[in-house]
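Pasting a structure below so you can have a look.
Labels run A, B, C and D following the written order; every chain starts at residue 1.
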Amino acid sequence: MKIKRIVEEALEESKQLLDKGKLADYIPELTKANPRHLGISILSKDGKKFSAGAVKESFTIQSISKVITLLFCLDFFGDEKVFSLVGREPSGTPFSEFITLSDFTDKPKNPFINSGAIALASLLASRMTFEDYLAKSNELFGQGDFKLNQAVYTSELAHSERNHSLAWELKRMKLLSADLETSLDFYTKVCAIEASAENLVDLAFCLANYGKIANKQVFKQRDIATTLSLMLTCGLYDGSGDFAAAVGIPAKSGVGGGILAVVPGRAGLVTFGPALDYNGNSIGGIELLRIISDQLDFHLFLPQAAI
Amino acid sequence: MKIKRIVEEALEESKQLLDKGKLADYIPELTKANPRHLGISILSKDGKKFSAGAVKESFTIQSISKVITLLFCLDFFGDEKVFSLVGREPSGTPFSEFITLSDFTDKPKNPFINSGAIALASLLASRMTFEDYLAKSNELFGQGDFKLNQAVYTSELAHSERNHSLAWELKRMKLLSADLETSLDFYTKVCAIEASAENLVDLAFCLANYGKIANKQVFKQRDIATTLSLMLTCGLYDGSGDFAAAVGIPAKSGVGGGILAVVPGRAGLVTFGPALDYNGNSIGGIELLRIISDQLDFHLFLPQAAI
Amino acid sequence: MKIKRIVEEALEESKQLLDKGKLADYIPELTKANPRHLGISILSKDGKKFSAGAVKESFTIQSISKVITLLFCLDFFGDEKVFSLVGREPSGTPFSEFITLSDFTDKPKNPFINSGAIALASLLASRMTFEDYLAKSNELFGQGDFKLNQAVYTSELAHSERNHSLAWELKRMKLLSADLETSLDFYTKVCAIEASAENLVDLAFCLANYGKIANKQVFKQRDIATTLSLMLTCGLYDGSGDFAAAVGIPAKSGVGGGILAVVPGRAGLVTFGPALDYNGNSIGGIELLRIISDQLDFHLFLPQAAI
Amino acid sequence: MKIKRIVEEALEESKQLLDKGKLADYIPELTKANPRHLGISILSKDGKKFSAGAVKESFTIQSISKVITLLFCLDFFGDEKVFSLVGREPSGTPFSEFITLSDFTDKPKNPFINSGAIALASLLASRMTFEDYLAKSNELFGQGDFKLNQAVYTSELAHSERNHSLAWELKRMKLLSADLETSLDFYTKVCAIEASAENLVDLAFCLANYGKIANKQVFKQRDIATTLSLMLTCGLYDGSGDFAAAVGIPAKSGVGGGILAVVPGRAGLVTFGPALDYNGNSIGGIELLRIISDQLDFHLFLPQAAI
């Protein structure tokens, strides 16, 4: 079968890059991952799923949670409220510096930098508990397989000084909707949700399917469009522009090694590979998506063939 | 006819915003424009052209020239050479500050900020004269109607201190390919090319048509894809993210009031309206594109209907 | 008497500037001050004290506490330890922006910016309670008149978001010596110590007298020299350089309206005037010190006459 | 003799640091210096001169020229005019980044950063030629020994891209008083004036003597005070604060290896040692001044004994 072969060959080729990446090491828990792991799961419009490599390995979704958080916020509060708290512009800030206070004067530049994501986590935390968030995520996309990784959560909380700085600054600017510690706890927990590539692919597919799950319009099309726009412009830290040019589809990475990618109207994809590049994105995952996009004409700005 | 009516209604509605914009005033020549002007020209896949409003008014293309310069550079020198001189990342810098030296450490962040555009103008200037550039542009897109606006050129050159600063910094970093004054003269001239919305729509269409002009593949598809990606992520200064979310198509604005917009595989559009918003983009043009995108399902991340 | 007349005339003249200043308003308590107040207390080498104007009015010492904190830190921990936590360089940061995280990469630039002062407060808090600090200050300089202003302390604590941001960033960089909340509480309390110009002049005199109090060498001469150097280069926020040029003596201001000034070997001075200039310094106090410095040849870089 | 012995011992001790420094290498000419050279020349109030080490070696004065330029500007144009073009505040910018455009919004922060010095060179260039400047400097301080080092001048001019950037930005802000190229040529030439420590010590002495040369008040006392204040707060790049605390006297360094230092009312000093520290200051010169200041009680904020 054509796609199967393309995916498997792409996987082999991408693995050759893994030695050039390195594991996230800002918390000890993340260094326990196997840097040789690489896998991809694809769910296409016709309902076919292709998987290859490390697709059953669990990893924490980290910044991929920012997509779920944004979707929930848009759904519950509307885009006017959401974009009164965060902007929609790329930040131009390299991953290696994280985000500093000086990066926002009136509000965080977008929902995918840490300060912006904390503001939106706080908004959700004013309405629901983490348990609600997890339950709802599981119900919509995770089929019960999303879990809290307690060790990563604990480790991140123990190394959350920068997030505390950001949260206090948000509080100063009256951009927190819930109590500060509650907001940070919520934020830290959603980042520590654990899933496999196979578990996450339903989320990618929901985005590719313009917000429909099993023929039901679960999210507004317009909210999906906003989310995909932000993924394309800001989804991969300071590698967003390169990825948009080379691969040409919306995506969101996490330092746990996952990448959520979307071919609107055609397919949802999730890659997993914990070895990261200079920008903090999965080095194997990006290469894999690049090759597959090339082979299957995924690039939004190239003439498209059918998957 | 459906499209005609949609466009004309959108034009009327958008005109109501014009009072909130203001003309570019950093050079005296630009303040001579009529802020009430607004027009749009559309060329769709089937070869039909729709125009409404001020589409025969000439204006200087300003930063829209950066698209032509990028295309020519990619074509003549290849993307490896081009992206050794400039990056592909959004800069996160507001228009009101222009771009400052501190915005690039190793090279300009992308080809659409002034420093990046000067680097690429210099690259072209090492190979061709401005007259060649104008002739080639006219041959490909302008049908002889592109002209140099001598008054704007002279005025911009007389107010080019910031560009000189940038050029000297580029020279320090060995990113100029031609003589500094030659590079700046070339850059200033291409910004001062004058055209109307109707004249420019062939360029927009060429991009929408994946680089084909009259069935001939004039630019490589991959170079078009790269250019459109950069337009989507960086084409409207610090309003790029908002536009990507709201309108959802690649575009490039100029302070002369033009916006070049592209619906890949479907249509090329050019709006003209010299009243600018806070970010330096045509306030009427953005609104016009937003309404038409809504009505005609142009947004890349919404399910699409046929034009 | 000559000095008396000079001081009184200077006071009258300086009062004319008060209308141009404004009260600190970042906490409500500080807006209760009387902006027309202005006074000065001078203690000269021969033990003579001259006072004029509002010298018995209590005000919170705010950033003037940073001088006491630095002296105590140098005394208890030595300069090697102290300058492993903070630098000795001017920050170049305007008062109006306060200090942001990006202002320090490895450690705060000096002990007089908020981040640096919190780091040193934390160091002291690892060794003593606020009550010890107040008692020791009273014993050395305050003659029992230094008190905690409970209302200002409470108000500042309730508006301490930025300080929390800074403290968390310090914690991240392992520059806190005590618990974070303890450190901030300590810091906030020392800023809220209340005294009058007459109460504070003994501190100024101790600095002028090279660390001697009543003929006893209480602080090391070298520590006094370090403190005075930092006062001269960084004591008045982004007005430090102007003051050094115009007045020519080490000084430290507080947003409560006090200025502590030192003529080494000759006199200690304290002015009080809560109307502040653009940089956050007492507008009347600076003018008063400028005139008196002129009249009494205080400028370090002008030929000096005896007081 | 006491001072002679102190100076010679200090010289021996300081030489041990030279291996830790490195020559300026941004222009090839400067790398030709001998990094083992170290010398000091002292001229004290009673007219006695002490010299030890490499005091007859010529070096280019580089940024030490900024002191002469400031004095001439204050003298010819008055401080109101001068400080309308540059500020008086420390910049907080490390030497290693030089100065970038973003460091000034309305004007350069002080006359000793490159942008500020170019603004003042331009002011002088509007009134006098470089030959006049050299002649006047020689007449006042250099006794005919100040010369233009043609090789360094040519080399600096060939590497003056950053200075061109700064000059164009100054032009944009209307802070140039003469033609841009004339201003830069003037600036580059005054930096390339060559002298020995022995030649320069008269300049240091004139500052120590409050502007008097041979009993004639050549510069206004107030202008000298302003100059010394700026030397103390901004004279040694990002090492200014450390030097003020440790050595306690006004000084100005140059990347050619010279340091001009002043003990007001007591002595002028010049050290030469081309091996530079991290901040771009002579590593041996700073150590030498530190030891001598300690031994001879030069620190402004320590009780002083007679030289």
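In this section, a residue touches a chain if its C-beta (ideal position, glycine included) is under 8 Å from a C-beta of that chain, and two chains touch if they have at least 3 such contacts.
Just so you know, these numbers come straight off a predicted model, no measurement behind them.
> What chains do chain B and chain D have as common neighbours?
Output, common partners of chain B and chain D: nil, no chain qualifies.
> Of the other chains, whose C-alpha centre is the longest way from the centre of chain C?
It is B.
> As a quick test, compute the distance in whole Å between the mean CA positions of chain A and chain B.
So the centroids are 31 Å from each other.
> Rounded to a whole Å, what is the gap between the Cα centroids of chain A and chain C?
Using C-alpha averages as centres, the distance is 49 Å.
> If you average the CA atoms of chain B and of chain C, how many Å lie between those two points?
Between these chains, centre-to-centre, one finds 55 Å.
> Mark out which residues of chain D touch at least two other chains, giving numbers and ranges.
In chain D, nothing touches at least two other chains.
> Counting only chain pairs that touch, give me the topology of the graph as line, ring, star, complete or other.
Topology of touching chains reads as a ring, each chain with two neighbours.
> Where do chains touch, given as pairs?
A-B, A-C, B-D, C-D
> Tell me, which parts of chain C touch chain A in their complex?
Per the touch definition, chain C meets chain A at residues 100-102, 161-162, 164-166, 168-169, 171-172.
> Any idea which chain A residues touch chain B in the complex?
87-93, 109-110, 210, 221-222, 224-226, 228-230, 232-234, 238-242, 244-245, 248, 250, 264-265, 299-304
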